[in-house]
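Shared between the two complexes below is subunit A, which has subunit B as its partner in the first and subunit C in the second.
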Partner chain A sequence: MREQRVLTQFLQLLLNGAMAGTILAVPAIGLTVIFAVLRFPNFAVASHATIGAFAGYVANVSLGLPVLPAIVVAFLVAGLVGLASDELILKPFRAAGFITTAIGSIALTIALENVVRFMFGNELRGYDLPLMRDWRFAGLRVGPQQVENLAIALAVTAAIFAFLAFTRAGKAMRAVADNPTLAGIKGVNGETIARTVSFVGMGLAGLGGMLLGLDTSIDPLTGFRAILSIFAAAVVGGLGSVPGAVVGALVVGIGEELSLLILSPNYRSAVGFLAILLVLTVRPRGILGQRAY
Partner chain B sequence: MENYLIAMAVSAGLYALMALGLNVIWGMAGQVNLGLVGFFAVGAYVSALLTLKLGAPIAAGVLAGALIAAAVGAVVSLVTARLRGDYLAIVTLGFAETIRVVASNEIWLTNGTDGISGIPGPWRAALTPGEFNLFYLCLVAALVIVAFALIDRLAHSPFGRVLRAIRDDEQAAAVAGKHTLAFKVKAFAFGSAVLGLAGALYGHYTSYIAPDLFLPLLTLYIKLALLAGGVGNNRGAVLGAVVVVTFLESTRFVVPLIPGLTHVQGAALREFLISAALIVVLRLRPQGLLPEARMHPVLAKEQMAAQT
Partner chain C sequence: MGFLNVAGVVAGYTAADEILKGLDFTVAAGEIVCVIGPNGAGKSTLLKAIAGLLTPSRGAITFKDRSLVGVLPRDITRLGVAYVPQEHNVFPSMSVSENLEIGGYVAPARTAERMGQVLARFPVLANKRRHAARTLSGGERQILAMAMALMVEPELLLLDEPSAGLAPAAAERLFEEVRAVNRDKVAIVLVEQNASEALAVAQRAYILVDGRTSRTGQARALAADPDIRRIFLGG
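After this line comes the complex of A and B, so read on.
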């Protein structure tokens, strides 16, 4: 009987982890596509996740929209802010090297986070969601909202893969990521690609921020609290690799949940850091990435 | 008001120490460290716990804080030795966050998010608060001078030259027969020791530390100080720290003058102004107010200028 309970608990954590990982994949893809093209770790993913979460909150609670259209709002607002902030603030730094740009992105993320704090204050806010009873099967439980979030995350991930594989802009993006000089010779406009990637990447961060918030609540630190997990997902999978981000997100998501078996829940964010260290020590390029040194 | 100014001068001194420490790691050895607040926290916690829980003398606590921060720095540097700078940025930032998570959760040791209060200060009981402030200012100022002199000697020593060579071209330095890993680890450990020293001094000054004091924002302040002053330049590091503390504190006075702001809005506006200032400084003067002096034994200064 006891083994049965432990097994059920294990399966429940595995299930939770797989769902959390699928959602984590969305902002991790955002981070990794930005890295693939612009070649710097963009810490502003944190504030854009927060901005998306709050844009979705305004659409959902203030304007009364259902979750799906609110998610679109989250994507668009975070994407536009990402486009504008990259164009006005981060772009001029790129000539000075990746580390200046990375520091600039930390300053940017704190600045934007405080704009959100200025407008909305520090208190926790929850989305307006219909109350639904959890579904149960074989001793496991799962909320209908979680399933909806999962479906959204899967659909978005599939859309990104299709975008990269089949559209002209997606192929151009991969070309620039692969070899910017060659892509330039072939007539791909690097500037346009940089803008597209800022919009899409930060839009995904915002969408991811809202998905993370749907489960619990949001506040100006929502994005920042997730940043270690997001970076862990991207690094574990291999920075710059989109399939890697998905694999990495699943590894980190499941790892964070399974850590609950042995660690207190407060250490979840440390799991992401441990995952980064472990992967970088054993295989610095990540599971599916390129050279890291 | 006097006490306030002295307190500001003490925090300027602590920022200067941190900027000097960072200058060894980043300015001289060229290693990215976005987690310097983590080493600061290690120093603060080690010294506070040793003096409070084991009754160690304050000087021993501060020394242990610096040494353990150095050891942690050496480990971080060894573990990350093979990594490219962009990965190092992520790992060091994650390191500082992890330190904060540990400090928040190991309640038996660190009292969790409530923090540790009642950290002893040197002769705090024997002196009036005003005298204690003044004494501490002298202490911090003396340590800044010592650290400055040491690090400046270091910069001009063969050791410092090797560090700069590694920073500018690691492969060339390795080909010249320098064991670059050992140099990098030593520089990281030494810089971390100075960061830990600043942390320990901070705890004994304010008598209170808590995980919320060790946010990435503090890392940004120090980066801002170093950038404002000039990366790779020790005088610039001290000057930048003074500029940053003055700026931070002036926002404290200016922001309440704006009518109709709530407390949270005021705090948000301050943090916004500070991060915006960093962006502006980075944009306008990435080499800082006092750029690193070009030293060349043969070429005269003007020729150097013509070359660059």
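After this line comes the complex of A and C, so read on.
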């Protein structure tokens, strides 16, 4: 009987972890595509996740839009802020090297987070979601909203893969990630690709921020709390690799949930650190290496 | 005026750095010109200056009477001058056909048609069109790099040491392909360490020493010259 309960708990955590990991993959892809093209870890993914979560909140709660259109708003607003913040603030840092730019992105994320705090205050806010009973099967529970979030995350990930594999802009982006000088000779405009990647990458961060918030609540620290897991997912899979970000997100998502079997939830974020530490020690290029695609 | 004219070009990797020290160089339409010389003579620098990757501090470069100085590399590609770097000349994580597609990026409307022609010309690439470029052998990779350049139907092809690092048989095949490409009226500038092969393929040759032209003339005559045989051809 006791074994049965432990097994059910294990399966429940595994299920939760797989769902959390699929959602985590969205902002992790954002971080990794920006790294693949612009060659620096953009920690401002944190504040853009928060901005997306709040933009979606305004669309959902203030304007009364359903979740799906609100998610599109989250993507667009975070993407546009990402485009502007990269163009105006981070671009001038890039000539000074990737460490300076990465530190600049930390400063940017703190500034943007405080703009959100100034506008919305510190309290927790929840989305306007219909109340629904959890589904149960074989002793496991799953919320309909969680399943919807999972479906959105899967659809977005599939769309990104299709974009990179089949479109001219997606292939140009991979070419720049592979060899920016050669891509320039062949006619790809690196500036346009940099702008596209800032928009799409930060848009994904914002969409991911809202998906994370749909499950719980949001506040100005929503993105900051998630950034370690997002960064860990990208590093574990191999910074710059899109399939790597998906694999890394699943590893970190499942790892964080399974850690609850032996650790108090307070130590959950240690899993992210541990994953980064392990990967950097054993396989510094990440599980799938640094291939863009 | 000629096809490609380089006159009095001074260029290097920084403003103070002069690798080319007033170089004169011409290419006529449809010919193969090889450039040989010791390491550091400025052979690759010359190609980079023509391709727009370096801006000369002095001198003029014109292609069909149009100045190339200060023009972006991608716009030079559009004008019909295709440059193939010595290294890092393919996109390793992308498939052969995706590499060709990016090769033809400036002319998207013609990509499908050109891809068919290029794959028909290089069956070795057609057989591996779905393979990632990083899985190709050294010789196949050089052929892919040249095929990518041909996707824009260039009038002038700039090849930077295409045979470097290749086994003799692979280098031989590559020079065969260079001749075949030239038969379609594509002019070629061939920078080479492999002087005897390069002189055998080319119609005219330049010997660069220390950023200047040391000798120039018909490739066959230079190949027969005792001094040049001694220095570059090993006897």
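FYI, the second predicted complex is superposed on the first by the 290 of 293 C-alpha atoms of A that agree within 3 Å, B and C clash if a C-alpha of one lies under 4 Å from a C-alpha of the other, contacts with A are read in each partner's own complex, and residues count from 1 in each chain.
Going forward, a residue touches a chain if its C-beta (ideal position, glycine included) is under 8 Å from a C-beta of that chain, and two chains touch if they have at least 3 such contacts.
What you are looking at is a predicted structure, and each value in this text was computed from that prediction instead of being measured.
Q: For A:76, is the partner it touches subunit B (first), subunit C (second), both, or none of the two (neither)?
A: In the superposition, A:76 contacts neither subunit B nor subunit C.
Q: Thinking of the overlay built on chain A, is A:171 touched by subunit B (first), by subunit C (second), by both, or by neither?
A: second
Q: Touching A:288, do we find subunit B (first), subunit C (second), both, or neither?
A: After superposing on A, A:288 lies clear of both subunit B and subunit C.
Q: Going by the contact rule set out at the top, does A:181 touch subunit B (first), subunit C (second), both, or neither?
A: second
Q: For A:65 in the superposed arrangement: first (subunit B), second (subunit C), both or neither?
A: neither
Q: Give the label of whichever partner, subunit B or subunit C, reaches more residues of subunit A.
A: Tallying touched residues of subunit A, the top partner is B.
Q: Could you list which residues of subunit A make contact with subunit B in one structure and with subunit C in the other?
A: On subunit A, the residues that contact subunit B in one structure and subunit C in the other are 292-293.
Q: Subunit A touches which residues of subunit B in the complex?
A: Contacts found on subunit B: 32, 34, 79-80, 82-87, 89-91, 93-95, 97-98, 101-102, 104-105, 216-217, 219-220, 223, 262, 264-265, 267-269, 271-272, 274-276, 278-279, 282-283, 286.
Q: What residues of subunit C sit close enough to touch subunit A in their complex?
A: Against subunit A, subunit C makes touches at 51, 53, 72-74, 77-78, 83, 85, 88-94, 98, 101-103, 105-106, 108, 148.
Q: Name, in rising order, each residue of subunit A that touches subunit C in their complex.
A: Residues 168, 171-172, 174-175, 177-179, 181-189, 291-293 of subunit A touch subunit C in their complex.
Q: Inside the complex, what are the residues of subunit A that reach subunit B?
A: Where subunit A meets subunit B, its residues are 35, 39-41, 43, 89, 92-93, 96, 98-100, 102-104, 106-108, 110-111, 113-115, 117-118, 121-122, 228, 231-232, 235, 239, 264, 266-267, 269-270, 272-273, 276-277, 280-281, 284, 292-293.
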